[in-house]
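Got some structures for you, see below.
Note that chain A is present in both complexes that follow, paired respectively with chain B and with chain C.
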Partner chain A sequence: MSELSVTIGKSPPLKEKAFLFARKNMGLISVLISILAIFLALSIGAVLIALAGINPWEATSYLIKGSFGNRYGFGETLTRFVPLLFSSLSFAVAHKSGFFNVGAEGQLLLGAVGALLVGAYIQGLHPVLHITLSILAGVLFGAMWVGIAGLLKIFLQSNELINTMMLNYIGVLFVEFLIHGPLKPADSYLYVSSTILPSAKLPILLSKTPLHAGFLISLVVTAGVFYLIYRTPIGYQMRTVGANLKAASYAGISIAKVTIAALFVTGGLAGMGGAIELLGTQFKIINGFSAGYGYDGIGVAVMGRYNPVGIVLSALLFSVIRVGMGAAQRGAGVPFPLLNVIQGLIIVFVIASGYLTNKLSETVIGGRA
Partner chain B sequence: MENSLAVIVVTWLTMSIRMSIPLLFPSLGGLLAQKAGIYNFGLEGMMLCGAYFGYYGSYRTGNPWIGLLMGMAAGGLLGFILAFTSIKLRVSQLVIGLGISIFALGLTGFLFRGIGISTTSPAATLFQKIDFGLLKEIPVLGEILFTHDWMVYAGFALVILIAWFFYRTTSGLNFRAVGENPQVADTVGINVELYRFLAVIVSGVLASLGGAFLSLTQTAYFTENLTAGRGWIAISAIILGKFNPWGVLLACLLFGAADAFQMQIQVMSLGIPYQFLLMIPYILAMLAMVGVVGKVRSPAAMGKPYVKH
Partner chain C sequence: MKKLSALLLLVLIAGILVACAPKATPTPEPPVAETTAEPVAEPEEQLRVAVIFNTTIKDGGYAQAGYESLMAMKDKYNLDVSYQESVGDANVKDVLRSYAADGYDLVYAHELYFTDAVNEVAAEFPDVKFGVTGYKADFPNVVALDATNWQGVYLDGVVAGLMTKNNKIAMVTVSQSPTAFRMVNAMYMGAKLYNPDVEIIHLFTGSFDDVVKAKEMATAAIKDGADIVYGNCGMGTTGVIEAAKENNTLAIGSVVDRSPLAPELVLTSNILDSGRYLTLAVEGMINGDLEWGKAYILGVKEGVEFLAPFNEIVSQDIIDKVEQATQDLVDGKVELPANDNYLWLK
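Moving on, here comes the complex of A and B:
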């Protein structure tokens, strides 16, 4: 940016032209800066791969081929996209309502437990009913889990970030306990839960791939969530509470009531993500059921700037990287934790680029874009 | 029977002190940052880097001091990133701290697997224990107080140092002013940004010491997610300790005692599922914050970026 102002400073007509161009295309420029940030993060990832003694070009080609270069990879990418989308929606809704929910990981797991209880143990239901009830159970369990942190915040002003984080660790241990005992089939020697009944399984959308109907549900729910946030009175109240607590309270909004509604949505979304992951992809709960979707969702929401299109696109990018990294691990031996490195870098760079964009629009327009 | 109970209690107290240290370092680090008005939610990631680079340096050179220095450098670097993004770029301290923690989890996991050594992970050289000679022979107290690594005593010394700094020096007063009311601090000529930068960088270094304590005095190994959320529990300890170094010390001793308790119960194999025992520190961290509600006031300007007018 400083470079820009230096060149501009020398010839005023060019400066005006550049300003005019920038003013017209602020949206485009901010998208370009974001893409540049992502590219920068990926480049550092490539350097790390090279440092590990692996050819980065080879790794990249595995990444691309594995994530959308063939039918199966394409289906897998869209499948992994689903839990990422749910956990990022969960984070985004909470964020808009002024509640910092970093507990999607735990809520997702508990949601899967709820769905398993209905999906594996209630027999003789019509598939549509069985699936619906299982998902609802997941929503309920997810909301219940965040509810612990929520009630502590509403009634005792306890820090929700720490509490939701602690509930992640507790949730992982609790589910580990469940699959070591109560949810383990009596005749099994493995630490794995019972499997859901066929009537609770989500149908496959694209044959010869894992892509299931949960993908469509996730898109519908995304639209529904943003309708709720931007087009309904309760959504308006949630955003007001999130933006300015004092103003909301002066306006006569019941903070506790709105926060409870937001909690239900944020926990419910994460729980639904876990339920759909269970009913569509994994069918049973094992150790490491979630694979960090809850934490990735935070990055997705931040990168998508908390807006619907941004979140869908970022979730897609994250799932391409996740599936592609899996392929690069199998093909080129790239250590899988590099995934978190790249995602962490993307978050940092995108946040920094957001600052750059704001600064630029301040200079050009004289106000925030 | 009485004898064995005494042995158990002495062992428990000894372990309590030891297990409080990996919380004490990051808590004091977090306290420094918060006193200057910056949330450090990257503590967990900084600890992990301290643990990994401490391990790596010691394993490579056979000298734990080099490992410790590498760990501190990594922690300081993450501290600088947090400082730069939250002070200069004024991005959300919560999000960037979380981003640092997620990034460090991936980085240390990646590097650890990337070392590419055979199936057995190699041990790092640990710090030698201090030999207190006769002091160790004092009944009961000897074992509880004089059988630890130097880092344990360094942790306690740091509490004294920080308490002295905050409440007995001019710089300490300036420091607190920066966190309470940066406008006023700026008006009287205190360099707000400089204080905040230093606070957050030192905070990162201290957090890394907590992680290095684990790998360089306890495990001699690194595993993915070695710190297991201690960086988050440390934040709870700061709140329970009412933003006071002595309070933080007591809080860390309490959490250390809980950790030692669950470890001992596990060894006794009383038939309680181990998952419930492992939950104890996390549940305690939640309860601790509830216990002090309404009685604690955090630094007034905490979490707010300072814009000079």
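Moving on, here comes the complex of A and C:
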């Protein structure tokens, strides 16, 4: 404290009090800063909307009404939340294990393909079994897809950031090929895959909305993933590898084994997201099956600071924005490009606020929050 | 210093917030006045029309034409309109349901790939009318409107058949789909009408946006003796016209008027007026003469397909013959072209 008084100078009592307060309530402060950042981004967005000649209050009210204010919007928001949550979990697990997986988009698509193969072509199963097997197939396919990048990294030390990114494009085109040929039903006029059987469809949770049981699965999986990461030996090993490869190696952890486990989890999660999106909302694979969930998941994970509560909240925020902005466009006529700008503003501000929180906690605590 | 700068940053953020908040408050006021004034001026019951586009409404083509016809009708019939643009295939069902739940009278999806989604959602909202620029209307509250996609090409064929000197016409399309076969055969039938010796070289790019490949294919066809090139392959069409320009060969465009690309060489273009679908759906709803549960296939007769103004080198004699062919199409005298193989192979 003496050092503090020296740096700050003339009026120590008040400043010291502020620092003490900040030191004690760092968690609260970081949440407040994030909220302020979102508010700030929305204020700038409001100015932009006003400049486009639209009443920003009207737009905001449509945003809120559209995403939470009515039954359908509420259900839609929680439905959009599911794939976002899975792809951000996928990114967060990889991040914790020292692996950069920006390929959730491709893994999600391949996961949907896996789920479709089981969900559409295997007949006569009990719904519970059919859904479980379809989701497992999705997990397997997602893991296989990231596995390509993983094996390249383990055996050839090639950069996984580039490889997972490249596999996205390959995945998108591969799935496009599938729906133009092998998976396209003969009687279909358009290029789409076959539809999954009724027994593979996830039940609806809230009638007259698209909200399906995948929402509950996603919450359970989130809890499970963080239990795995923070409360199990393999999770500890994954985090150690992620934090310091050399230290982990000296500690006798088999890097290859841990990396493969982490890969399976990260790819499996993205694949599961795709499988649930297929079984819960889309029922068949179409061009543009994933509305950029794999990419948005990265933003969600960074914004949620790789922490379970943070990720759930930021995935919710992203889906509120996705759904609410559609409503703002329909109701208030806010042009679509402007909505993209506002979404971008929110991401930039929240990430900047994360940086600010880190700086602040370094200052008052001497470490990261 | 670090601690101070962190504090300063906080203060700065607070400052910006304080500065921003009041700024945001006064700006909205003028629009408030506008929006509250509107409902007062329109006491009578308005028809509420919602339209969904899959791209931006500023795409200079398909969606823009739809948007413009929507806005024209908004003024003409005093409609209450709303639209959502750049809607992905993954989200379209939610947008359709939101509009239907909002009480719109007509919810129109302006995209072929939305056909299945429209039919699926329409089953859930039997009291709402749905329209789609598509091929299928499974329910009594749905109407589907699609173009023939060949009648305009048939008219192109008449022009090409009369203008070609080598009797070789090249066509560049995206694929060998049934739609493409029908277009190729329509061109062949149109050309054959006044030129029994005509031959068609059909090439396909496999992509809606491969401009380079389309250009290479058209160039190859020109080297092979074709003296008229026709492009109907999305973005690639510009590549076909480009090839015509480089080789000083006549060309025919498609979908929109392509003559600005090469005014000297483009003879005409078969236009597909995608705004017409919307006009037909809305006017049909107002006049009550639209048959619900039906998939319409619209062409020259309905004004969805027609030819762009001709190049001045196209003689009056040819224009008269095109008019005759147009009349034949309107009268239903032209047989539907085959869509499974080339006519000359049959």
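In the analysis below, the second predicted complex is superposed on the first by the 336 of 369 C-alpha atoms of A that agree within 3 Å, B and C clash if a C-alpha of one lies under 4 Å from a C-alpha of the other, contacts with A are read in each partner's own complex, and residues count from 1 in each chain.
Operating definition for what follows: a contact is a pair of C-beta atoms (placed from the backbone, for glycine too) under 8 Å apart; a residue touches a chain by one contact, two chains touch by 3 or more.
Worth saying up front: this structure is predicted, and the values here are computed from it rather than measured.
*Asks:* Thinking of the overlay built on chain A, is A:A46 touched by chain B (first), by chain C (second), by both, or by neither?
*Replies:* second
*Asks:* Is A:P337 in contact with chain B, with chain C, with both, or with neither (first, second, both, neither)?
*Replies:* both
*Asks:* For A:L161, select first, second, both or neither according to whether it touches chain B, chain C, the two together, or no partner.
*Replies:* A:L161: touches chain B, not chain C.
*Asks:* Is A:V302 touching the first partner chain B, the second partner chain C, both, or neither of them?
*Replies:* In the superposition, A:V302 touches chain B alone.
*Asks:* Report for A:S290: first if it touches chain B alone, second if chain C alone, otherwise both or neither.
*Replies:* second
*Asks:* Please indicate which partner A:L152 is in contact with in the superposed arrangement: first for chain B, second for chain C, both, or neither.
*Replies:* Once the two structures are laid over each other on A, A:L152 reaches chain B alone.
*Asks:* Would you check which partner chain A:G224 touches, where first means chain B only, second means chain C only, and both and neither mean what they say?
*Replies:* Neither chain B nor chain C is touched by A:G224.
*Asks:* So, does A:I170 touch the first partner chain B, the second partner chain C, both, or neither?
*Replies:* First partner only.
*Asks:* Show which residues of chain A both chain B and chain C reach, each in its own complex.
*Replies:* 53, 335-337
*Asks:* Which residues, counting only chain A, touch chain B once they are in their complex?
*Replies:* 48, 51-53, 100, 102, 152, 156-159, 161-163, 165-167, 169-170, 173-174, 176-177, 180-181, 295, 298-299, 302, 335-345, 347-348, 351-352, 354-355
*Asks:* Would you mind writing out the residues of chain B in touch with chain A in their complex?
*Replies:* Within the complex, chain B touches chain A at residues 41, 81, 85, 89-92, 94-96, 98-100, 102-110, 112-114, 116, 224, 228-229, 232-233, 235-236, 239, 273, 275-276, 278-279, 282-283, 285-286, 289-290, 293-294.
*Asks:* For chain A, which residues are in contact with chain C within the complex?
*Replies:* So the residues of chain A in touch with chain C come to 4, 7-8, 18-19, 33, 36, 39-40, 43-44, 46-47, 50, 53-58, 66, 70, 72-73, 76, 79, 189-190, 192, 210, 281-282, 286-291, 323, 326-327, 329-331, 333, 335-337, 356, 359-360, 362-364.
*Asks:* Enumerate the contact residues on chain C facing chain A in the complex.
*Replies:* On the chain C side, the touching residues are 1-4, 6-7, 9-10, 13, 16-17, 20-21, 23-24, 27-28, 31-32, 34-35, 50, 56, 82-91, 93-95, 97-99, 101-102, 112-113, 115-116, 135-136.
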